[in-house]
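Below: a set of structures, written as structure tokens.
Presented sequentially are two complexes of chain A, the first with chain B as partner and the second with chain C.
Coming up: the complex of A and B.
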């Protein structure tokens, strides 16, 4: 913490803060208005608020029902596993790629451009591409057949609609790694080289330079990007819908199944799953930020 | 093309059931736009109106037909067709319901809906549909209104509240290079083939519309015919059947694609598995269009289809006009046009595969043209399909079977 500055400085800071708040107000209003209202309505619906149903009543049944729901319990484990793997995997891969790209003098610009190619591609397109490539009748399977490695589609390992979710994970990594890499590169570009040089002259070995100079510098940026990845993959629908199984399925998929269920009484459950999803993401983000904070400050 | 209209959302039905029990909280819908009694006056009133036709928009061929042939013909009588593509028919029903609740009893935004099954039943319970008009259509003379398949919609009497548009019969599509005709003679024979060839058959997980039909096909077989599962849901009859059905389907699991470890999420996924030669047979609603796909090289030339001797589940799908439609006259004119032999013929030929709702033998000049439509080797003649068709069971049975399949088969 820095010591309090002189009076004028404080006033200027306050004025600047006010200006920022005013400028942000329209955007905040939209975010809070749209998302806040949606979330609020969702909360009400999950508690039984169904004005179109005569005789509705307030109840927490939708939540208590989730506890002994086989599909939801399986879903929670699956969702957590997939999003944590995707987040950690993309962070590690991105860090490695960023270090590599950063260390190459020539072609850095080209590599950075290549990394950006996939960014505007929607996840749905990525998922379909993965399906065309990795399914048992996909491109890889056909190549394996042509090479004489397999004699039928079923001989090729099941990577889509499989128990583990390889194709889902592959899509997440393919899409998110470049995103995190770009963020890491931006962080690295901010004068990490002189610091590394200094560390080297002071006798720091490569691992030490990485651990104590590079990592603390990029950790906040990579961490922020990873939070986005975690939040996204935890609530992702289209990727597991295309590449995953109908059961067990991630929370977003189960929520949609319940929302379109034949029985209207099930709808509060769908919304309750949505609320649980929102709470879980918030909690995960908090834990993740905490971890990163420790990683960034540990010297 | 398979007609996937139902994509059941019984939710709305539940809503209405509850609504019916409540004391007068629902406003009775009144048919505000009264349609003239004389057809000539209906035609006159329809002139210049636009029909907002809400329909499942998942079939490109059918969309082209609506956008092209139908729109051109409708324009000749001064009616503009505005096709509103929806992912699920329940969206349209929910919209009409919502407008009703908001008090829009005369200027609704939906004029015509492609509907059947539970969505129709839901609308009936809520008194959403305009009735008494289908029998008035001049082209209704080509429709056999007394035919049980046309007079009932998933076990519910139509009662002149919707006009028949298509018929469809379920069938088994198979690759005759891998499966012999004897193997598809009956469900039992086919089951035996599946056991002998593990991994080469599967069905989409209910509540998928087609997956649900496959389970019903087994249910009819297990019950010794469709007769035992007609009428409203009966717990005793269900209890007598369910354990045998679930153990039969569970036992079949290891012989299915991926060893029954998982099921495809949609019928589209199943059709793709067949096209990719990952499986050798699958069930579908409506075999029309298979011939085209074979001709295009998307399916093997040895693709064939079969209906079982015990019967294949068939249904009709319809056109309904909401009571709050402001363009009822134009909607009727459009429905009449769609029931005309010319339109039914066009729909059977291009886009291929939509079986007529009219009695083609009564279709005048078109009777011969219908009879002359070539049947590709992959498909079955309409007459064979119509003969094999057995009725659907009522929604209450369907819901229960879908729910229990999930807990008894999928989650085992």
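Coming up: the complex of A and C.
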């Protein structure tokens, strides 16, 4: 029996390994089979590869086409600006609101409940609501008229279908700030109050307490939430499609325009924009995580 | 302690900012005429509400399509996550770091990149413009979330309960049904609610893979917004929003009712993706 020891041990280890493989197989089928295939084929197609078609050849035409295209360069800048503003804006607002909710006793439950109402609502609904709020005949414009600030819709600044994308940014902030706030509140609830009291007793000023006690505690959670916001806003289609201009439009919108273009020759450009989106967002997330890391260590 | 004087004002402003857009949608859905610069509609009417609740309309079939796709995505990704979550939560194995990384990749990389790349395969295998194709596309963002939620739950799960049942001669299937699943029920509920919402709210993947032939509610809403019929678009927006709100409300209640220890903050946090 003792001679069979290592053998059965090995067999047990192999069985455990097989078990893990079987458990993971369906998830890997989705992540590698669908996601990996899509990403890999996107990259290959942007370089000229055409599966199921004879007579394709490798080429970087799609990328040189994008580089030469002023519309695409403008789109890239617009996408980057919008995504960074939405991420930074929602993080700052969320920290402020979380501190506010945390420090108010009256209306705290109500505020927390209301913060959660918008969470499951689709972005498309948010986009429609923002156009009803912010367009030149929207509610804010009417309020400006009632206050005597404007005398016609044209007097009100164009916030939808505008060059900057104010309504797009407003929608992102309206949808994502509550999300980041809830995450920050969850982190705060894990006992920041006693630490703050200790810091206060030791003579820390409010800003010092915020910078050295609260911020390091909530930074990891808020950072993780912000990565989700960053990634989402970078690749978002429907919000700028409803609230923004067709030109210059964010990269996701341009990708869809080129993909559905009647000129089939620009189709590889659509896939190439997809690849650019993926590379840029990954780089952005990496930079962001590094910044966050520094914020956490520099106490 | 110093009390901030402006706090009540800030709270009121915040409440208004959060709720005003949704209230405005509700008012527009029952509006007949509301011309600039009036602050309140000139007249109300139930035309838009009647259109979206008409059983013969496209909206009802859109509702059925949306619910069917989302339910399928929730069940499939729930099952997939249950298995993969167990491997990640309870076992250590070579390449675990890679698996975690691979699961996070679909969270970061935009769905439009992947669907543009995979479309050619979907066309070849006749999955483009079909409901199964759309379900497969929705599984890409849904599966990672289901797996990560369930993996977290498995790390808190004590396998000794399973061993006890098995020692007493219970079959593996019965162990799963009567021991494992009840213990993981809160997390599984959260995972399925979350993946249902991800699918229900998805727009661009459905548009690309479904090619306009698979008309879910968000697609109908998008064209209603484009049509310029504001009342109709607002009413349809409510139809799209109410099921998610009900679902989250009911799930939250069920979870607190069960005395579950699943962090509600975590749950809600995960909703950010939806």
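Simple rule for what comes next: the second predicted complex is superposed on the first by the 257 of 299 C-alpha atoms of A that agree within 3 Å, B and C clash if a C-alpha of one lies under 4 Å from a C-alpha of the other, contacts with A are read in each partner's own complex, and residues count from 1 in each chain.
Simple rule for what comes next: a contact is a pair of C-beta atoms (placed from the backbone, for glycine too) under 8 Å apart; a residue touches a chain by one contact, two chains touch by 3 or more.
Just so it is clear, the model here is predicted, and its values are computed rather than measured.
> Touching A:71 in the superposition: chain B (first), chain C (second), both, neither?
The first partner, chain B, only.
> Determine, under the contact definition given at the top, whether A:115 touches first (chain B), second (chain C), both, or neither.
second
> So, A:60: does it touch chain B (first), chain C (second), both, or neither?
A:60 sits against neither chain B nor chain C.
> Could you say whether A:247 touches chain B, chain C, both of them, or neither, answering first, second, both or neither?
After superposition on chain A, A:247 lies in contact with chain B alone.
> Given the touch rule stated above, what does A:137 touch, chain B (first), chain C (second), both, or neither?
both
> According to the stated criteria, A:26 is in contact with first (chain B), second (chain C), both, or neither; which is it?
second
> Based on the superposed arrangement, let me know which partner A:261 touches: chain B (first), chain C (second), both, or neither?
Only chain B is touched by A:261; chain C is not.
> Using the superposition on chain A described above, determine whether A:158 touches chain B (first), chain C (second), both, or neither.
First partner only.
> Please name the chain, chain B or chain C, that touches the greater number of residues in chain A.
C
> For chain A, what residues appear in both contact lists, the one with chain B and the one with chain C?
52, 137, 153, 241
> Residues of chain A touching chain C in their complex?
16-17, 19-20, 22-28, 30-32, 34-43, 45, 50-52, 97, 100, 103-104, 106-107, 110-111, 114-133, 137, 139, 141-143, 145-146, 153, 174, 176, 178-180, 182-183, 185-186, 189, 221, 225, 227-229, 231-232, 234-235, 237-238, 241-242, 252, 255-256, 259, 270-271, 274-275, 277-278, 281-282, 285
> Touching chain A in the complex: which residues of chain B?
Touch residues, chain B against chain A: 8-12, 14-15, 18-19, 21-22, 25, 88, 97, 101, 118, 199, 205, 207, 258, 261-265, 273, 276-278, 399, 402-403, 406-407, 410-411.
> For chain A, which residues are in contact with chain B within the complex?
Touch list, chain A to chain B: 52-55, 70-71, 135-137, 153-154, 158, 161, 163, 241, 245-247, 260-267.
> Please name which positions on chain C make contact with chain A in the complex.
Residues 4, 7-8, 10-11, 14-15, 17-22, 24-25, 28, 36-39, 77, 79-81, 83-84, 86-87, 91, 93, 99, 102-103, 105-118, 120-121, 124, 136-137, 139-140, 143-144, 147, 197, 200-201, 203-204, 207-208, 218, 221-222, 225, 230, 233-234, 237, 240-241, 244-245, 247-248, 263, 265-266, 268-269, 271-274.
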